[in-house]
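Each of the next two complexes has subunit A plus one other chain: subunit B in the first, subunit C in the second.
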Partner chain A sequence: MKSSSSNKIMQIFQKEIKCALRNKSSFLTCLMFGVTVIACVSFALQGNVLEAKMQASIFWIALFFTFMSCGEGIFADEVKAGTILALRIYGDGQSVLWGKMLYNAVFLSVMAVVLAPLYIMFMDCDINNLFLFALVLIAGAIGVASSGTLVASLSVSANSGKGIFAILMLPVILPVLLLSVLLTSQLMGAGDFEMQYLGAVIFYDVISAVGASVLFDYVW
Partner chain B sequence: MPFLLCYGILFKGYLIVRDVMYSIILKDITKKYGQNTILENISLKAESGRILAITGGNGSGKSTLLKLIMGIEEVSSGEIHYLLNKQEIVDKSFLKNIATVTPELEFYPQLTVQENMELFLGLRDISFNAKIIAECLERFGLKANVLNKFFGELSTGMAQRVKLAVLLASNSEIWLLDEPGSNIDEAGVNLLLKEISNAKKAGKLIILATNDSREVAVADEIFQLK
Partner chain C sequence: MKLLNWGIGILTVILIYLVMFVVPPAKGMGEAVRIVFFHVPMAWLAVVAFFMNAYWGAMYLKAKDMRKDYLSGKSAQLGMVFVLLACASGAVFSKLTWGAYWNWDPRQTTILVLILIYGAYLTLRSAINDEQKRARITAVYSLFSCLTVPFLVFIIPRLYFSLHPSPLINSGGSVDMEPVMLMTLLLGVLDATLLYVRLLLGGKNE
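Take a look at the complex of A and B:
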């Protein structure tokens, strides 16, 4: 990738970060969504400890819906504000896609890193290997972010309102979500950690990012 | 490039490169949204060094026509040809020569004017040069201190002037202007008309979608949409 392309990607990424930090409501909404899910589940359990597979599932469901509550806005908010036209006129599709994808990946990774300790504490989880746990979180977050960015752009292009994002997102995201749940449950004590599944998540990340890049020019 | 620069001369801040000629040709363009026909069998030609004004009542399709030229919308039927020195450019690279100011164009309200300019000019590989930017702002009646203000804090008139300053700073060879004088006071419109005339003399291709008689008056050709 040419240096000018990487500069443009970084400009889009920095723009996303600045806008998110200056308009805290979107960030805080997502964070509060995740925290509320964890608090509600913890309260409902009243001190009982769930089995590892259930713990992993609830954690990823919380993360998935946290992303769902903000992910669609990555393009829809631009359309609503009228800034998408400026991006289309002055920018090029690939820089916009990769910049936004990078932002989504960082955003979701930060969410995962913030919510994970809370979840571990409230749900009384045992993590066998924190390094691998962090790796699974980040790899899963990148997969959700990369495919989520493309789906968000598709839902805006389809001009079909907010419903279509959720409908399109589920089948696209299911493989990485199921693998992430499986790996997390293994790290929480449900069997031995299977490295090949982590490889599959990383493979999904690469395929979804490259696939998004190839398809994005058609929707931009 | 050095050869091109040899032929170039400076005219009021514009680099005039005489051997670069852009043309946009529309042939029998029709645009429909569902059953609703917005434009029907429109054919026109615009080229460097000339101002084409597109006029017509509300809903006549002026803005839609500009969006088709910008590549933001797809034509329902017909063809748009982009030519550089009479050679057709078939890929999207041509669109990178286009800059626009339309009522639908917005910058980021959470970013300062400088951050917005750095972003949009940076996306065109133009580094932010404070001196040039200050000059562009000044040519639309703005002072350099506007750079530190958040775009969302600007009045609609000032925001419009900032958008015009970005257009100027982008060095684009093709200007697509949709009611560029809207929300600008009399003095601002005069500055705008002066810049449009300067841009024409500098060899830029300008398409103006407007019903403002002052803007129409600077045009070389008028295309009336029904």
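Take a look at the complex of A and C:
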């Protein structure tokens, strides 16, 4: 039973990867959205270097809106393509949630890691420790992905278009957003890196994933 | 219900008398301290309504009883009003005592997150037409938003410097307030809680 469940999770994850590779538009739209935001900030600043806290805040705001531009699609695209019913027949709630959550986590982590060098280059940021920076990015992306998967499933039930996803997301991911901004600013030179806050981000990742898992069956 | 109405009315009159004529000006806060007797009960109710919203949501998911969904939704509506009143009275108090309406105090940050949660919840509620679906989806969202509570209570306050007065029971475990002020404040909290119960139970779906 256990192995069949993990198989289904992996199959749903692979299906998401295949769909993304087949239809590259969602990945490219998301990527270009992030690039556009960063370019926009860079144009506005015209070479002025910001202090570390401001650099970290703008970086995470850019990532947040990039995530928001593509996060909802994880369920909305299924509804649009008319495949949600097939998915319901094939997969139980937990397999669908974990498969999509895994895909979302990988997708957002890749997006964050691709956009970060661009931001560092345009904004002239100094990163103290690249390994910890990557860890903060991935831990933050996983937090957004785990909350985002459940919230995306809720927002497709609403009849008010795409805007509602960001409205629902911001309050629930604020803890991880604020902590990620703090940790990133410390890595950009605003104070010593406080490992306990990275622990808090990972704690958020775990409880939001478990919370989503407990509640998803009521949505599915 | 009639008894409750009378109880709230009498309590409110007593409370106004105590706040306006009995409570002395506080050291360092002067007459501005009177706002506290309105602000604290509103902030208390904003938090109570948040947890009750989630509680009734959970009860709905368990029993699939629309009355529970009604109470959950009503609690969120009342919570939104209380949180806005708490925010506005807190901002005025902040301006009078610290010189700025908003200074990113941890409790101000928490109250802002609460406003965003209530706003998101009510937006979601208004965006779903089917009653059963609306009850189910909004209950899930209200429960999921409760996951932010440990972060708002234990972690966010460490990120911001606080000018906010100590809670009623301070870190030393003692009550650092004059008896008449304490009594008035507790009376205010009781009055506001009764008002919340009255408004919650007194709607169309009674």
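Note that the second predicted complex is superposed on the first by the 215 of 220 C-alpha atoms of A that agree within 3 Å, B and C clash if a C-alpha of one lies under 4 Å from a C-alpha of the other, contacts with A are read in each partner's own complex, and residues count from 1 in each chain.
Convention: a contact is a pair of C-beta atoms (placed from the backbone, for glycine too) under 8 Å apart; a residue touches a chain by one contact, two chains touch by 3 or more.
This is a predicted model, so every value here is computed, not measured.
On the shared subunit subunit A, the superposed partners subunit B and subunit C are arranged side by side without overlap.
Of the two partner chains placed by superposition, only subunit B is touched by A:A81; subunit C is not.
Legend: residue contacts after superposition of the two complexes on their common chain; A:K18 is shown touching subunit B, with no touch to subunit C. Looking at the superposition, the partner that touches the larger set of subunit A residues, subunit B or subunit C, turns out to be C. Computed from Cα centres after superposition, the angle at subunit A between subunit B and subunit C reads 100 degrees (steps of 10). Shared-chain residue A:V144: touches no atom of subunit B or subunit C.
When both complexes are overlaid on chain A, the residue A:L108 reaches neither subunit B nor subunit C. Applying the stated contact rule after C-alpha superposition, one finds that A:P171 touches subunit C and leaves subunit B untouched. Residue contacts after overlaying the shared chain place A:C125 against neither subunit B nor subunit C. Minimum C-alpha separation, subunit B to subunit C, in the superposed model: 6 Å.
Residue overlap on subunit A between the subunit B contacts of one complex and the subunit C contacts of the other is empty. Here subunit A touches subunit C in the complex through residues 147, 150-151, 154-155, 157-160, 164, 167-168, 170-172, 174-175, 178-179, 182, 197, 200, 204, 207-208, 211-212, 215, 218-219, going by the rule given at the top.
Contacts from subunit B toward subunit A in the complex involve residues 70, 72, 96, 98-100, 102, 104-111, 115, 118-125, 170.
Remark: subunit C residues 61, 113, 116-117, 119-120, 123-124, 127-129, 133, 136-137, 139-141, 143-145, 147-148, 150-152, 155-156, 159 touch subunit A in the complex.
On the side of subunit A, the complex with subunit B involves touching residues 4, 7-8, 11-12, 15, 18-19, 22-23, 81-83, 85-92, 95.
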